[in-house]
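Some structures are shown below for you to check.
There are two complexes below, and they share subunit A, which is joined by subunit B in the first and by subunit C in the second.
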Partner chain A sequence: MVVSPQQQRMRSPDPAHSGDIQVAGAGTPIAQSSLWRDARRRYMRNKGAVVAGTIFIALVAFCIFVPIVSPYDPDQVNFADAYLPPSLAHPFGTDQFGRDLLTRVALGGRISIAIGFAATLAILVIGLTYGSISGFVGGWVDNAMMRFLDALYGLPYLPFAIITLAIVGTVNFWTMVIALSIASWFTSARIVRGQIITLKENDYVRAATAVGARWYRVLARHLVPNTLGVLIIAIFLELPGVILGEAFLSFIGLGINPPSASWGSMAQEGREVYRTHTNVILIPSIAIATLVLCANFIADGLRDALDPRTKET
Partner chain B sequence: MALLEVDNLKTHFFTREGVVRAVDGVSFTVEPGKTLGIVGESGCGKSVTALSIMSLLPQPPAKIVDGSVTFEGFDLAKLSERHLEDVRGKEIAMIFQDPMTSLNPTLKIGTQIMETMERHLGLDRKQAKKRAIELLEEVHIPNAANRLSDYPHRFSGGMRQRVMIAIAISCNPKLLIADEPTTALDVTVQAGILDLLDELQEEHEMAMILITHDMGVVAEAADDIVVMYAGQIVEQAPSLELFDHPEHPYTEALLGALPQIEGEGIRAGRLTAIPGRPPDLADPPTACRFAPRCPFSDREDSCAKEMPQLRELRTGHWVRSAHPASERAKTPLGAST
Partner chain C sequence: MVGFIIRRLLWTIPVLLLVILMTFLMMRHIQGNPFRHSERAVSPEIQANLDRKFNLDKPWYVQYALYVKGVATFDLGPSLVLRNQSVNDIVRAHFPISLQLGFLAMVFAVVLGIPLGVIAALRPNSAFDYAAMLFANLGFAVPSFLIATLLIYFFALKWGDIFGLPTSGWDTWQSKILPVIALGLGPMAYFARLVRGTMLETLQQDYVRTAKAKGLRWRRVLMVHVLKNSLTPAVTAAGPLLGFLITGSFIIEYIFAIPGIGKYYITAVSARDYSVVMGLTVLLAVIVVLANMVVDILYGVLDPRTREART
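Then we have the complex of A and B:
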């Protein structure tokens, strides 16, 4: 028997859903698309993804708010307090310059996460543009664009990022974003192209053409919005790789310039003293690992939630 | 003057297996306000004909290699894509076979109806919305004003086809092409949709091309009927004439395959099936394409060697056969008459 979402909600006294019950009023049309409602319900059912999502949000909130409320100046050098062990005043201890690690790990997280999202976004925008043009135009244009992509696929991601940074010279937020996205948009372009080609054959695309919709309207209205689900998943699939890439670049000394720091460069600072003051390397590393793990779990949950073919059994 | 004049249309598909002659020299005219029915089995070129008129076929592989499609004096086959976009939806509209997939699942019904009117008629949001409600009422969707903000998955197949029809008639087209509009629907809904099309046609003074493989559907709705087989027209006549005096053996066979309620003068017993399969259109026979399945053709006949031409047996009744019913002496076994 098929159980409607409403019935299901009535049955389970789940507090997370109690806010939605008013939509079940008889006769009144349900206001919002149940596509997203269904997706959210499916996502909520995946416990791992829910936990990962909660931790992810908590981590982001931590990075945003801790530096605001922290009594310590993150860049204030005070050698008297160098390498303090964790205590009540400094829950994560201090680093070689006596700076509070709790504050700095939050600040570093801001940079790491911001670079991660910005680079992922750049990857998706480039991939979406390239892939949708290739898939939509089709024919020899598609062929040429895809063969070009095949050639680019040979470029190794990290060495290419390093070379880009070396050519640009200065390392700041935006050059970092460029370096991380320049050699990693190929996969998303392919995903989008595949999606567009599949969607292009849909009857409603032909129906839209049959009522005189121009090509850009067909593309913007009927094709790209339908790739949205795949793109959201792609964001969270791309994110761990990008964050790890940033951490790696920072770790080998190509990262953000001091006194700003990202998790990668903090870990690099801690590497020299990992025997005596393990917490200095451990804390940013755990942060990176947590973020990457969460992003993977979220991607997994989203894939199940947004794929319309995953129906409840 | 005829509204639409299709003359010797040849649409071929250029594939790796060779040239498929999906439409091979089709000519017909559609008069303003009249309905032309195109019947034939799957793969006989009905839909390709319709899509050729609208230039909606993907090129390549498809190509209109010969012939013209004249709509109000313009040859659509030679019009640029930009001009065609202005014709599609405004002058000629089309509804498709499967209403379940013809609406974009991510857009609200209202948006999809209004889109066309904003595009062609230059209406603003408010006017378009008002008109969209009127249109939904016109296609008999209850509670129209509220349903505008619904997504397609909340509509049944029949209702979706009604929405598709609303979109198609939104700009008062002069010609509506209905490509198997009822095939995906069950019989009661089918009747409703046909009644609706009939009603709207009268109201909007539209001409209509009704494509179907269902003889019952054309019998009800069409003024003139074109019977297609293997990319060619095999018989063309006014509706009543065709049903009363079918001439081509293929038309006879199609009618023989139609279930009928028992009554006076109506064949009793089992339905007859047509033996064999239609020819491969990548390599069609140079002779009559129906000859291998025709109960009246044998090897000595002229029609086994060369293609019979369309000829006018009676006024308005065209047949492509060497053995039309009215010229036959004997009735062989297995025929339906």
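Then we have the complex of A and C:
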């Protein structure tokens, strides 16, 4: 969504990676751990990604812990306290029902982030299944499946998400996840298929086939685990689009029902009073923007770390 | 070349059929026949007549074929809620506005985004580069409803005396400024990032070094070798970006109360006017498919290597 296929396709050798071939004593199990250690070292070198990762974790922790320690009941209506400006008692102020915005924004974040991750996982599972079948089987099946993807590529997901919500009738956590993932998995399927096709040509896969490994063993043991790096990157590539999509749907009134609220539906409530009480729309919107921005930087950092061949310039 | 264009045109036909089929099948699953939910019970004879009128008595594949025939002859059928209006009337009334909004936002994004990316790439790691990229990242992350609301807050209300811009509507040219900026900022950030990335890549190419080495003036190297090769990805990006503009215009039209197709779409969904929802979805999908086709053909012209791969 944020990174175009062109950027994905741009490949240049990573100067940092060449030359640090590690020599290990025979029999020491180094392969697995050194891959992740290398990845972590490369990630840590990217200052922007480290800062973004820290803020991201802090934001998630904020959403988890603030409602637990908060003295305010997030659903308690108290009109005497409506639209209080930010103060020591209410650092972000209160909304039209006198509810504490700090507590509400943390709870909204729980819903937004949970929907975001659930929909991203759904997108990746569909993409992984579709992409690995297409890439692994190859031939006319691959051709047909890719043509189908080409057909759907670029379709705006919002109308299809809206129709999906209309089909299922009610809006709740799971229907929202379905609506957001139903027309968003095309890119991840393409990424997985490309990865599988590249991997299939590797010597260890040929060797596995040559010594008589069954196709499902090759797929489950060699191909799918090696797409893991790409999939972890894809989580943070897809997350911003999904979070924004949920916010858009909630903003136009197709979100989760009150009194639960996601950041999008909180922003919608704030939209009605933005002239007098700007903080009500500003706070959830800034939360969305922070999360999306962090996810973008984390995706960049992870790409450098886990897939050094595709380096974004 | 001609063969490539013909193949690409022919390939669009099954794609369109597939996209219409998908929309059609999805719409069929929205709770049954709309007329059976009407408040007054209708007699079976009238029901049968209604079913016949709207072809609901036929099997689904016949309905699909009839619908495709309608789309092919630019007839999207009647509205279910507004009995005197056809979907065509609604499209005719609202679509030009959305089209204008999307087009102006695209122009805004291209005219500002591409130079921003080019200048940032020419001075990598300079203050301008950092500022431009920070701006580009923010432009993508900040939800458009916040951008729109802030624009209204500052330029229409707080400093309204200076700028005198209206908060909503689409009648005067003043009323178009804020929506176009609000919709165009995201794509503009996208173009800036994309062009900067490809430009940095192109500057490393051997042919650029060769051009410099043979003593070509820098300005000419830039215009002939670097820019031309850096802008092709921006052309490809324009296709998917159209989807982005459509998606974005839903929100922007909603906030600025612009009577475009996006705002009408939301109204139609809440009014359960399914023939309108379906007609508009098919229309949007067809536009995206056709735009992708135009982009592919353009790309084939600009970069002959892609012709075979992209049939």
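The criterion applied here is as follows: the second predicted complex is superposed on the first by the 274 of 313 C-alpha atoms of A that agree within 3 Å, B and C clash if a C-alpha of one lies under 4 Å from a C-alpha of the other, contacts with A are read in each partner's own complex, and residues count from 1 in each chain.
Note that a contact is a pair of C-beta atoms (placed from the backbone, for glycine too) under 8 Å apart; a residue touches a chain by one contact, two chains touch by 3 or more.
Bear in mind that the values here come from a model prediction, so they are computed numbers and not experimental data.
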Q) Aligned on subunit A, subunit B and subunit C: do they clash or fit? A) fit
Q) After lining up the shared chain so the two structures overlap, which partner does A:225 touch, if you call subunit B first and subunit C second: first, second, both or neither? A) first
Q: Check the contacts made with subunit A and report whether subunit B or subunit C touches more of its residues.
A: C
Q: Examine A:166 and indicate which partner it touches, taking first as subunit B and second as subunit C; both and neither are also allowed.
A: second
Q | Touched partner set for A:203, first subunit B, second subunit C, both or neither | A | first
Q: State whether A:55 touches subunit B only (first), subunit C only (second), both chains, or neither.
A: neither
Q.
On the A-aligned overlay, A:121 touches which partner chain: subunit B = first, subunit C = second, or both, or neither?
A. neither
Q) Is A:214 contacted by the first partner subunit B, the second partner subunit C, both or neither? A) first
**Q.** Overlay on shared chain A, then closest C-alpha pair between subunit B and subunit C (Å)
**A.** 14
Q) Intersection of subunit A residues contacting subunit B with those contacting subunit C? A) none
**Q.** Contacting residues of subunit C [partner subunit A, same complex]
**A.** 14-15, 18-19, 22-23, 26-27, 29-31, 137-138, 140-143, 145-146, 149, 152-153, 157, 190, 194, 197-198, 200-201, 233, 236-237, 239-240, 242-244, 246-247, 250-251, 254-255, 265-266, 269-270, 272, 277, 280-281, 284-285, 288-289, 291-292
(Q) With touch defined as at the start, can you tell me which subunit B residues reach subunit A in the complex? (A) 54, 56, 60, 85-90, 93-94, 96, 98, 101-107, 115-116, 119-120, 146-147, 149-151, 153-154, 164, 167-168
Q: Going by the contact rule at the top, pick out the subunit A residues touching subunit C in the complex.
A: 2, 4, 6-7, 10, 12, 148, 150-160, 162-164, 166-167, 169, 240, 244, 247-248, 251-254, 267, 271, 274-275, 278, 281-282, 285-286, 288-290, 292-293, 296-297, 312-313
(Q) Residue numbers of subunit A touching subunit B in their complex, please. (A) 29, 31, 33-35, 139, 202-204, 206-214, 217, 221-222, 225-226, 228
